[in-house]
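What follows is a pair of complexes built around chain A, which joins chain B in one and chain C in the other.
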Partner chain A sequence: MRRIFISRGHIIGYAAFALAILVVPLFIDDPYLLNKLARYLIFGILAAALALSWGYTGILNLGQAVSFGLGSYCMAMTLKLHTIPIQTGAAGLPDFMVWNNVKSLPWFWEPFHSTAFAVVAGVAFPVVVALLLGWFVFRARVTGVYVSIITLAMLVVVNLVIVDQQRFTGGFNGLTDLADLKLFGIDFDPYSSATYYLIALSLLATLMIGELVVRSKTGLIMQAIRDDETRVRYFGYDVARYQIFAFCVSAGLSGFAGMLYAMVMAFASPTFLSVQISLSIVIWCAVGGRESLIGSALGAILVTGIQGGLSETPAFLNTWMLIMGALFVAVVLFLPKGLISIVQLGMARLAGKKISALTEDEAPLPRGHKLGIG
Partner chain B sequence: MTDLANQIITGLSIASILLLVSLGLAIIYGVMGVINLAHGDFLMLGAYAVWLMESALGLGFLPCLVMVFFIVGAIGWLVERTLIRHLYGRPLDTILATWGIGIILQQAIRLSAGAQLRYVKMPDYLVNPLHLLGLDISAYRLLIFSVTIVLVAVTYILIFHTSFGIRLRAVMQNAEIARCFGINNARIYSLTFAYGAGLAGLAGALVSPLKSVSPDMGTNYVVDAFLVVVSGGVQSLFGTVASAGIIGELSGGFAYFWNDTLARALLFFLVVVLIRFRPQGIFAMPLRRG
Partner chain C sequence: MSLLELKGVEVQFSGFRALRGFDLSVAAGELRCLIGPNGAGKTTALDVICGKAQVNGGDIIFAGQNISHFEEHRIARLGIGRKFQVPSVFRELTVKENLHVAFCRRAGVFANLGISAAKANADELEKLAELVGLKESFRREAGILSHGQTQWLEIAMLVAQDAQLLLLDEPTAGMTAAETRKTAELCKQLKGRHTMLVVEHDMGFIKEIGDVISVMHQGRLLAQGTVAEIESDPEVRKAYLGSGGIRGA
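What follows is the complex of A and B.
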């Protein structure tokens, strides 16, 4: 058994973070604010999931919102079927289906009467989609920027299909007026502290799963693939298998985050699968530190927190996006390892070690153009 | 029979717009290894430039086209000089940086020109359809088609029959050796980027009378262009042309039987299946390494 090395700084950092997010509800009695904080934590899960595939394996998934959105729709479908009065119309159909002249519940809606099925599907469905795409893409040894644009294309296509299939998905409006999730006798009201704790614990669990993965042998190979895929292949590893694994774990976690998000927002809509969300996830990761799970999660909480604080006025929202774009470009240019690298640098200084904030291997290389163009 | 002919012409018209949009993307990727996610936003800039010149300055549509090419090209040149050139050798980071630039451009337009839809008027002499070979063909689509052919020809000549093209191909094949022979790589890169951006702007200008102009109009076009680039293989101009043709005809055909959205989903699926078996694209020989 390989010893799992965790530095003291890491443990302190995680403990402080866990404590911070768990005691927050004790000091807040504004349910609206609690709901907002819960949303930020969900974004933390998403960012950590992207860090797993991007920061650790080098797969820049620009379509992360696909997994997120599919998860949220799975949850929303079951919650929609549990609304009281259960349904409108004679056959007992969700309201939008009645409006769209759907006569009976489509077959793929049927299993969602069971909450357990929905919870499993919310993770399994995104994983299966990721598995299929991953198999096609990574087995063909397509990597790098190609994966990014293929995932981005998939995001746009899936979004269009969901909007287009209004009869089954609620189209542009999505699934609205959802019931609360009731599980193990607990009513997860979106504004309750029960929901907040569920989400906080999910975030912590995500970070733990992520740390376990990246510190395992598999995780080390993932990082090796990020640094030099060809070399790993020459060592005899099945590179594609590890890439697919990272891609799927990331998708599963995002799907789970999507389910939580549908609960907290009490609706699911195509905006959950928008390019905007996908872009935001990448920005959070980049700002926080793509090569650190907790860094990415903190990046998400920080950025969305500031955004939430500042953009109460809609007029500011557009300016905010402008600032985000500029911040994003600046981070990519000057701080490729994100804000967490400053923290790590400070901690290393305290411990008397010398580590560069910028990685040694990220200095602009002379253009060796390994693109197979020659 | 006329049904089929009309269908083919619709497909060709889709294909020519696709080619127009993907040409710049493919050239920038082929030469520099940079996927320019701001491509769609350059396209949007082109459309807005036409709208502005037409509505504020009262310029005619065709003079606008020429101006737009140079305006957006200049913006592209500026972006390359200030940002992109610091990121060579970090392909994933160039994607991010260009994405960031895209947001900045989009928001800048949204803040200055407003988020509402704008409309560019189609020039009067191009509104009426022409009668060719017993078919009614939209004159405007014919214009797009011919501009596309001219641009592909110009690009071909530029790459294969000018001294700039020789240097460009040298840099494509081996940037280091090219530099040893005294080629100014930085200059080639910035001019290529400017040319690609200019093409995007021109594409935006040409599609602007067909659909409404909005700050986020670029996204949809650029996603289709990705599919063209991925399936065509980026090294060859011919690959881009052929795959734009195939994808255009297929999406026209699928849309005839189902609808635009399902046609796109099916196309995406086909492209993903295709790269499993031919990752280098249909028409390119060497293996692709992102």
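What follows is the complex of A and C.
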């Protein structure tokens, strides 16, 4: 009974969420605000991707911004090649290359004339990087905090390489002055509702893909690995493969989020591969509930939303970071499973009432029952 | 023909020789008890079979295959299940989910992504839970089970895994007398269908379930035989000197 109800609750929750984010453009005619909301939804994708690796598999990836950044650069490269050249060299060489005395388009830029290639690369490239890193890390049975340290170091390395290779990447400035993405005859202007809808649907697709993974047996084994990695081996599963899988799916989704972000921001820069973004994703998941995909996504939207709201309100100009900090501490202390656990608890209470009306012995024991609150 | 054979197995932990040329042969369908004073290398013997400890010499043959240098998951796939001394189950998963993880028919990441894999035999798993008296807790988290229940859950997980050879490390540790009896019942039920190698201290329990007992001492096989034979063996008495014979172990 409980299971059925909870999964029904899940469906209701998802439907409400989908409806909420899809009707938003109908009530907003401020393109600036719409663009900002679209950005928050992208952060939702990132948080859901981290929930998959951290919340479900126990891999705290502090280098998720690598995938995000690589995805954004893939998109930015194709958009850059589609800008109307103003200060370009021969054959539409990007402006920054002209300034850096690059004579011809580097070979790895060539395929980015094709938008389709860029879209595939934006997912595939981060996945391949994650596959390589994951292969070494998880085959060697590196666990826990050491995985976090290695991924964080990886982030710093990739960031330095991009900053250093100014001639090909635009260095500190990144890739600016990008064209709009044109796909299937639609012009995805960063401030249009078309872009917003593309992002909203991408977030929903991400959540669906994530749910399919975590509800499969593979997802169950991922959770078992989170609980006790060694034990899983003695049941015949190759733990490293499952970890690499979770790591790669997470990287692919983050790369996709990065592509959308480059579109919405109309630039890509090394700040997308910053430690700050990586750590923010962890905070979003922790606040929303890292063991829930939709919880993590909501956490990201909520935190970045409040952040945006507070930092732009004159009264909180100097104190907003303090308020955010207090919020994080409060959630981590009192709701270790994140804000979503309030919803889950409420739902289980409701279900519990229905059940106890039927049978006495099946006491409600919701998944999030180990809470610090009543 | 023996299902499991250890020939002169050596295991060293940074210089300490935990197993020194250990020989053991277990026939298919047998329930073998492994006893010995503390530090004899009983747990190490199980560890080395399931791949937890590295072999430094000698061979381990299982069903005609030399598994001495296989990775843990490959050994498990061949049909060897392990119950640990400290019961280890997945505490954040429900009893049902625990059994489902153990129910490993396809080990691949992508093979397990499909819907059919998610809908493993729920009835079968529930029957297993019933076998070990955990039917009421089927949908509860394993973290809330008592110590004895956790031990039984782990045994049920080995059955779900359908391992040909079960390695049980002190299955009655920390159990009350009633729980120990129930565990003995369980072991008898599994006997025949599974080959079992049980490390145990409780002589009452061993008399209840065991046919042949192997005694270990200082990393070697000291003696082997029925309970009566072992109890009268002068070598065994010597090994247990000071602890009042095997009864006091």
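One rule holds for everything that comes next: the second predicted complex is superposed on the first by the 321 of 374 C-alpha atoms of A that agree within 3 Å, B and C clash if a C-alpha of one lies under 4 Å from a C-alpha of the other, contacts with A are read in each partner's own complex, and residues count from 1 in each chain.
Criterion: a contact is a pair of C-beta atoms (placed from the backbone, for glycine too) under 8 Å apart; a residue touches a chain by one contact, two chains touch by 3 or more.
Since the model is a prediction, treat every value here as computed from it, not as a measurement.
Engineer: After lining up the shared chain so the two structures overlap, which partner does A:Phe136 touch, if you call chain B first and chain C second: first, second, both or neither?
Structural biologist: The answer is first: A:Phe136 touches chain B but not chain C.
Engineer: Once the structures are superposed on A, label A:Phe108 by its partner contacts, choosing first (chain B), second (chain C), both or neither.
Structural biologist: neither
Engineer: State whether A:Phe316 touches chain B only (first), chain C only (second), both chains, or neither.
Structural biologist: It touches nothing on chain B or chain C.
Engineer: For chain A, which side has the bigger count of touched residues, chain B or chain C?
Structural biologist: B
Engineer: By the touch definition at the top of the document, which applies to A:Ile149: first (chain B), second (chain C), both, or neither?
Structural biologist: A:Ile149 sits against chain B, while chain C stays out of touch.
Engineer: For A:Met324 in the superposed arrangement: first (chain B), second (chain C), both or neither?
Structural biologist: first
Engineer: With the two complexes superposed on chain A, say which partner A:Asp164 touches: chain B (first), chain C (second), both, or neither.
Structural biologist: first
Engineer: Using the superposition on chain A described above, determine whether A:Arg241 touches chain B (first), chain C (second), both, or neither.
Structural biologist: second
Engineer: Hey, what residues of chain A end up touching chain B and chain C alike?
Structural biologist: Shared contact residues on chain A (touching chain B in one complex, chain C in the other): 365, 367, 370.
Engineer: Going by the contact rule set out above, which residues of chain C touch chain A in the complex?
Structural biologist: That would be residues 50, 52, 71-73, 76-77, 81-82, 84, 88-93, 97-98, 100-102, 104, 107-110, 112-115, 117-118, 120, 136, 139-141, 143-144, 157, 161 of chain C.
Engineer: Given the complex with chain C, which residues does chain A contribute to the contact?
Structural biologist: Residue positions touching the partner: 2-3, 212-213, 215-218, 220-221, 223-224, 226-228, 230-239, 241-242, 245, 361, 365, 367, 370.
Engineer: Can you tell me which positions in chain A touch chain B when the two form their complex?
Structural biologist: Touch residues, chain A against chain B: 54, 58, 60, 62, 133, 135-137, 139-150, 152-154, 156-158, 160-161, 163-164, 275, 279, 282, 286, 318-319, 321-322, 324-326, 328-329, 332-333, 336, 362, 364-374.
Engineer: Contact residues on chain B for chain A in the complex?
Structural biologist: It is residues 30, 33, 35, 37, 83, 86-97, 99-104, 106-108, 110-111, 115, 172-176, 185, 219-220, 223, 226-227, 229-230, 234-235, 259, 261-262, 264-265, 268, 271-273, 275-277, 279-280, 286-290 of chain B that touch chain A.
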